[in-house]
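In what follows, structures are represented as C-alpha cells.
Below are two complexes that have chain A in common, paired first with chain B and then with chain C.
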Partner chain A sequence: MSNSNFTRRGVLKTGAIAGAGLTLPTYLRAQDSGFTNAPTGDTVTLGFNVPQSGPYADEGADELRAYELAVEHLNGGGDGGMLNTFSSKALDGTGIMGKRVEYVTGDTQTKSDAARASARSMIEKDGAVMITGGSSSGVAVAVQALCQEAGVIFMAGLTHSNDTTGKDRKANGFRHFFNSYMSGAALAPVLSNAYGTDRKAYHLTADYNWGYTTEEAVRSSTEAMGWETVNAVKTPLTQTDFSSYIAPVLNSGADVLVLNHYGGNMVNSLTNAVQFGLRDAQANGKNFEIVVPLYSRLMASGAGANVKGIYGSTNWHWSLQDEGSQAFVRSFGEKYGFPPSQAAHTCYVQTLLYADAVTRAGSFAPCAVAEALEDFEFDGLGNGPTLYRAEDHQCFKDVLVVRGKENPQSEFDLLEVVEVTPVEQVTYAPDHPQMGGADATLGSCNNGA
Partner chain B sequence: MLGLNKNDTTLFLVVLGLTLLAPFILNPFPEGTGMAQFNAGYPDLMQRFVIFGIFAIGFNILFGLTGYLSFGHAAFLGVGSYAAIWSLKLFTLDVIPAIIFAIILAGAFSLLVGFISLRRSGIYFSILTLAFAQMSYALAYSVLTPLTGGETGLQIKGTDTPLLSNVAEGEIGRANFLGMEMGSGFDWAAGGWAFTFNLGYYIAAVAMLIAFYLSIRIFRSPFGIMLRAVKSNQQRMNYTGLSPKPYTLAAFVISGMYAGLAGGLMVAMDTQVGPERMFWTASGEVVIMTILGGAGTLLGPVLGAGFIKYFENIVSKINKDILHNWFAFLPDGFEDVMVSLVYPFVGKGWHLTLGIMFMLVVIFLPGGLVEGGQRLMGLFRRKSKSSEADEADGTEPAE
Partner chain C sequence: MDQFIVQILNGLDKGSAYALIALGLTLIFGTLGVVNFAHGALFMLGSFCAVIMSRILSASHKVAVPGETDFLGNPLMRDQPYVYDWFGEAAGATIVDWAVPISILFAIPVMIGVGFIMERGLIKHFYKRPHADQILVTFALAIVLQEVIKYFFGANPIQTPAPEAFDGSLDFGSWLGFDPLTIMYPYWRLVYFLFAALIIAGVFAFLQFTTFGMVVRAGMADRETVGLLGIDIDKRFTLMFGIAAAVAGLAGVMYAPIVAPNYHMGMDFLVLSFVVVVVGGMGSLPGAVAAGFLLGILESFASMPWMVDKLPGINQIIIYLVAIIILLTRPRGLMGRKGVMED
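Moving on, here comes the complex of A and B:
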C-alpha cells in the first residue's frame, strides 16, 4: 500500500472498539424451535404479497382488503365474517394460538423477480411465517418455490394455471383457487347442453403458460363431448387490438370462439369480437357463440355490455346464497362499501384456512401445518364441501359456471350463476397428464432453519 | 496499490470497506423499534445492492464512456440468468461454473447484438438495442417456452440431477459454493441490533469488488481514453484514421459481460429466472440507476443502483397501518390528514417518489448523486480552507 497511514494509536483504538463489540452478549439467532421464523412474543407476522402496481393492481387492491378483513376477524374484531360459518371451530377470535396476528405487505408488480424480492424481505427481515397472495400463475409458481426453499408456508392467491399444483407443485404450497382443468371440465357439459354437441371451435389463446394450459383443458373436455377444434391461434400477451385475429374466424368454418384470455386481453378481444358482429353472425346454420373460460368481475365490468350471455367459469361469486358467502359479503360490504371479488374471496379463505390449520396442528411449523391441511375437509367458506387434497395441495370443490347477465341491476351485478358443476365432475387423478403426469411430485415439506 | 493512483486507491478502499461492512452499515436501527422498518441489512436486499451495482457499473462502461445509450441491457442480464440456471440444472450445483457460463453466453449474445446495433449511433442505436431486448423477452415468454419455461420461468426441480452433483432422488438441489449453501451464514446480535452475515452476499460482494476494480482500470487505461474520444467527437476520431467501431464493440461486449455476471449472480443467490427480467422496464431501470448516480463516474452507478433498490424494497413496504403508527401521537383528525397526505408517496406510490427524486436530481444535479456529494464536500472544504484547485479532482461527471 502506497499511502498507508495507520498509526499505533489508530490501530489500538480500532482494536479496542472491535474487542468491545465482540465481547457483547452474542448468540446465533438459529432457531431453537427448528423452523424458520418461529413466532416469539405475543404476535405472529403474516406476509401479504399482492400486485399493487401493474396490470393486476385492481385485483391486488381487492386481495389486500380481504386480508385486512381476515386479520381483523382472526383478532376478534368486526362481526367475525366466515369464522361463524366455517365448519371447523378451532378459531376463537384470539388471533392464532393466542398470538395476535400482524401483517406486512409487499408489491409483487406481477413480476416473479419483484415478487420473490418482496417475499424474501418478508421472510428475512420481517420474520413472516406464511406468505400469501398474488394474482398470476408465474408469480405464484416463483413465490411457491421460494417458500419451499426458505421453509415457510405459501397460500396461493389468484392463480388459475394447472402448473401451480400440477408440474410445479410444492410441499409447502397450497392452492384454494380452481384451475384450468376444472374450468374445462365444468364448462364442457354446460356448453354442450346450451350449444349442442356438434360444434366447431376456434381458440384464441394468450401466448403464455396459463393460456396453454387453459386451451388444452377446454379443448380436451369439449372434444370429449364431440366438439371439433378447427384452429387454435396464439396471440401475444401485449396485444391490445385483436381485429386481425378475429377477422379470419368467421370464414374458418367455426361456429364457436373460445377466448383463452385473462384481464385486459379478454376485455379487448371480446370487445373486438362483438364489434365484428360475431354475436349476431350465423355459421354452419347455427348462431355463432363466444366462450370465455375464466371470468372475473373486474373483467366483466371492463368489457361492459359485451359480456351479456357469454359463458365462463369462476371460483366464487358474491351473489351466492349460502351462509358463508353471505357472511363474507356482508362484512366486506360493511367495511368497504361494495361486494368482494373472487380474488378477495380466495385470499380471505386461504388466510382462515392457514390460521385454522395452525390451531389444529398446535404449531406454526410448516410441516405440521401442511399435515393439518392435507386431506382436510371443510365447509361453510362459500364453495360448499371442499377437500384439500394431500397429493397435490389443490382444493376440490364445486365449480361455478356463469353467464354475463342480460339486465344487470348494478355495476357489480354483471354475472349470473348458471350452473354449479359438482366436484365429482371436475376431479382428476393427481398424476393426470395435464398436471405434469407421474413426474410431478410435491417433494418433502421443508421446515427451514 | 494494484496499479491504481492515489485517489483511485482511496476510492477503492472506501468501496471495499463499505461492501464488507454492509451488514453493519445497512442495519443502523435496533430491532423492534419503529425505525427498524428502514433497515436494509437483510441478505436479499444486500445481494440486490451489489448485483445491480455490477449491472450498472457495466452499463456505465458503455454509456458513461462512449455515450452510446443502450436500451436493451436487460436482455444480457436475462441471457446470463438463463445460462446460469441451466448450468445449475444440468451441470453442477456449484455457482462458479454457472456464473462463468453466464458471462460467456451474455458476452457472445452481446457480440451479436452489438455487431448489428453499432452500425448506427444515437437514437437509432438505442432503438435497435431496445428492439433486440423486446425480441428476447417475447421469445423467452412464449416461443422458447421449452428452453425458458415461458411465463413461469425456470427453477431447480426435484427431477433435476446435475452431472457433477449428488442430489438424492426427488430432493431439490440448492446452489452452493464449494459445498456451502448460498443462504448459509450467521446472525450476530449485539445489544438491540441484529446483523446478518450471509455467504451469498459476500460472494456477490467479492464479484462486485472485482468488477469495480476492473472498471477503474478500464476508465484509466488508453482504451478508456479511446472510448471517451468516441463520445466527445467521433468524426474527429475518424479523420485521424482511427475506426471507432472496434472500440465501441469491445465496450459493448464488456458491458454485456458485466450484465451476464449480474444475471448469473442473481440466479446463484435466488435460483429462478423469469422472462420479466428482460422486459424493457428492466433495461430502463439500469439507465435510470446510472444517470441517478452519475453517468461516467466510477462510484455513481453503484450509488444509483443502491438508491433505487432501497426504494423498491423498503419504501414500497410502508402501508397505511405503519403510517397510522407513525402519526399516532397527533390528534385524531390530524392523524388521518397526515396519513392521507403521505400515503400517495409510499407503499405502492414508491414509483411516484422515485420519479420526483429522479427529476430533482436531473434538474439540479446533472452529474447525479456523485455531483451532489462533491458539492457537499466542496462546501465544507471552502469553509475551512478556500482551495478551489481541488474541485477538478476525483471523478468527473459526464456532460
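Moving on, here comes the complex of A and C:
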C-alpha cells in the first residue's frame, strides 16, 4: 500500500489553474518560452496585415507580392533578391534561424478597428511572431499599439505620418518608410531652387492625422525658406470632387498649391486643379505651381498626365540604379511582370530586416529583436546607408525628390528622380516638436504576458 | 461677388449629377415602388462604361522601340493601338481621345440591359415584400456590383480624360466684366451641365409628350385602373427601370473625366441622392431635379474657405442640415405629393 500526497482540494486547485491556463489566448501563455508565440517546431509564422479590400487594395496587393517574394528569398527560393546585396550577411536562405518561414495574411480594410481585429486574430489564432504591413498611418498607429500590448514586433509598412515614430512611437514598433518631416525637409530646398523663395502657398489638407503632420512639415520647411502660407484648408477624407476647394485658390493671392492628399484624394484633387487651369495660370507675375508632398507610382498612374512636371517626394523608386534596387526590381519584375511600388519595397525590406535582426540576436524574443534593430546600420537595401535610430525606431536614409515625367516611356515610367536629398538634411532630434516633443517616449519593450 | 458666382457654377455641375441620379431613383420609386439602393452602383457602372470603352478603343499590340530597353533590360515594347493601324495615326488618336463621348453610345444599351436584368432577374421578386427587404436586397446588389468592378479594375481611381478639345477652362469672369482669371470654369463641367439639362429635358418630354409616357404617368398615379384598361403596365415599368438605369449610367459616363472612376464612387453619391429625393419630395420628378441643384449649390457654398473657417465641418453636414429643416417645415419635401409612402 502506498500513500498518495494528492488531496481533493489539491487536485481541484491544480485542475482549475491548468484549465484557466489552457483557456487563455495563445499570446497570454508566453511564460512557457518567455515571449509571445515563441516558434516551437521547424517553422515560424509571420503575419502580413495589408489592405486587401477598400481604397488602398492595390497597394495592399503589391505589398503582399513583396512579402511573398521576401518569404521565398528567406527560404532559399528564387534568385535571393536583396539578400545578395544586403550589407549584413546573417541570412543564408535557410529561413530564420533554421526555421522555414510561413505566413498568414489579414485584411486591414484601411480601417483601424478592422486592422486591429485581423492583427489580433493572426497573433492569437495563427501564432504570428511578428506583424507587418499597412498602407495608412491611422492603421499603423493602431496596430503598433496592439502589438506593443500583445508583445510582438510590429514592422510598419507604408505609413508616412510623423506620429508613427513621433508622439505615438512604441518600443515594439519599427518604421523603415520615411515621414512627413523628411518630405518637407527634402522638398523645400528643391522647391525654392525651382520656384524661388518669394512664393505664396495655399494648402489643401486631408482632414486626418497624416494630412495634419504633412501640412505642418511642408509649411514649416517652406516658410523657413521664405515662402508665405496664404491659407490652409482641410478637406474631408471622403471628398471626391474638389472643385469647391480648388476654385477659390486662384483668387487667394497664392501662386503655389500644395496638395497634402494621398490616394484617391490626390488623384481627384490634382485632376480638378489641372481642369481649373491652375497649371497654365499666372499669379503674382509668376507661373502657378502645384506640389504633391507624397508621391507613389500607383497614385501617379491614377492621376495620368496630370502629374507631369509636378514635384513630390518618395521613399524609393524602381528606376534607382544601386545594386540593391536593381536586384529587387529584377526579382520582383521577373516574378510578377512589372516593377515594384515603394510600398512593396518598404515591406520587402522590413521583412528582411526583421529576419536579420532575429538571426543576429539569436532569438525571436521581441526585446532581443528590438535590441538588434536599434542603432543598426545597414546598406544594400535600395536607400543607401541607413540607420535604424534607437530613440524612436525610425530609419534615417536619403530621401528622393521626384517630378512627374514629361515623356514617359511606359505606364510605369511616370516619375523621375530629380534629387537624392542626403540623410543629414532630413535628420531631426528625437524630441523634435513635430515628433511629439520631449513627452514622446518609446516606453518599455514588451516580450508578452 | 466673383466667389459667389464661382460657387454657383461649381454647384451646378455637382447638382447636375445629384439631379440625374435622383431623377432615376424617383422614376423607379414612382413606377415600381422600389427603393433602389443599387442606383449609385448604376452611376458607377456608367463611369466604368467610359473606362471600358476607353480600353477597347486603346486596345493595343506591342511594337519594339529601337534602341530603348525596359526596366528589366529587355527591348522596350510600346503599345500601339489597333485603331492607329486601321485608321492611321491621326484619326486613330482622335478616336482614342474622344473615348468618353463615344462611350455614350455604348452605355445606353448596356445600362438599359443592366437595368432590365436587374429588374426581371431580382427586383421583381421583391415587389410584394416590405421596403426594408427591398432596401436590403438592392444594397447587397450594390456591394456585389462594386466588388465585381474592383476585381476587374482594381481599387485605385482610373483616369479617364475628356477629349483634348475640352481641356482648360472658360474665363467666365471676363465675360461678366470681372478681372481675368477670377471666375474660371472648366469646359468639360460646362458640357456636363448642358448634357444633364438635355437628359432631364428629354426624360420630361418623353413622359409628357409621348403616349408611352402618358401611360406610365397614368400608371404612376393609379396602377390598378390602368391595368383594368387592358394595358400591360408591368412591361412599361420594366422599361422605365431600364431608362432610369440608363440615366444614371449616362450621368456616370460623362462624370468620368471630372472624378476618376473608382469602384466606390456609387456609394459616395447614393446617400446624398436619397437625401435629394427626400428633400425634393418622394415620387416627384421636378422635386428631385430642383433639390439636386439646390443641394449641389448649397454644398459648394458650404465648402468655401471662409465658411469652413467660421463653421468648421459645415461642408460635411450642410446637406443633412437643410434636409432636416425642410422635412420639419415641409414634411413631404419641396414638391412631395400626398399619399406617397404615407400608407
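Observations
By our rule, the second predicted complex is superposed on the first by the 418 of 449 C-alpha atoms of A that agree within 3 Å, B and C clash if a C-alpha of one lies under 4 Å from a C-alpha of the other, contacts with A are read in each partner's own complex, and residues count from 1 in each chain.
The rule is simple: a contact is a pair of C-beta atoms (placed from the backbone, for glycine too) under 8 Å apart; a residue touches a chain by one contact, two chains touch by 3 or more.
Everything numeric here is computed off the predicted structure, so don't read it as measured data.
After alignment on the shared chain A, the placement of chain B and chain C results in a side-by-side fit free of clashes. By the touch criterion defined above, A:T36 lies against neither chain B nor chain C after alignment on the C-alpha atoms of chain A. By the touch criterion defined above, A:A57 reaches both chain B and chain C. In the superposition on chain A, A:Q350 contacts neither chain B nor chain C. Shared-chain residue A:Y208: touches chain B; no touch with chain C.
Contacts of A:S244 after superposition on the shared chain: chain C is touched, whereas chain B is not.
By the document's definition of touching, of the two partners only chain B reaches A:G443; chain C does not. In the superposition on chain A, A:P236 makes contact with both chain B and chain C. By the touch criterion defined above, A:F276 lies against chain C but remains apart from chain B after alignment on the C-alpha atoms of chain A. Of the two partner chains placed by superposition, only chain C is touched by A:A303; chain B is not.
Superposition on the common chain A brings chain B within a closest Cα-Cα distance of 6 Å of chain C. Shared contact residues of chain A with chain B and chain C: 53, 57, 234, 236. Of all residues in chain A, only 53-58, 61, 231, 233-234, 236, 238, 240-241, 243-245, 247-248, 250-252, 263-264, 267-268, 271-272, 275-277, 280-282, 298-299, 301-306, 318-319, 329-330, 333-334, 339, 409-410, 412 touch chain C in the complex they form. Residues of chain C that touch chain A in their complex: 2-3, 6-7, 9-10, 13-14, 65, 68, 70-72, 76, 78, 150, 154-159, 161, 168-169, 181-182, 184, 186, 188-189, 257-260, 262, 264-265, 268, 299-300, 303-305, 308, 315-316.
Taken in their complex, chain A has these residues touching chain B: 1-3, 21, 24-30, 52-53, 57, 103-107, 111-114, 116-118, 120-121, 124-125, 136-138, 141-142, 145-146, 148-150, 161, 163, 168, 207-210, 212, 234, 236-237, 439, 441, 443-444.
Within the complex formed with chain A, the residues of chain B that make contact are 1, 6, 9-10, 39, 42-45, 48, 138, 141-142, 145, 150-153, 155, 158-159, 170-172, 174, 183, 186-191, 194, 196, 266, 270-272, 274, 276-277, 279, 312-313, 316-317, 319, 321, 347-348, 350-351.
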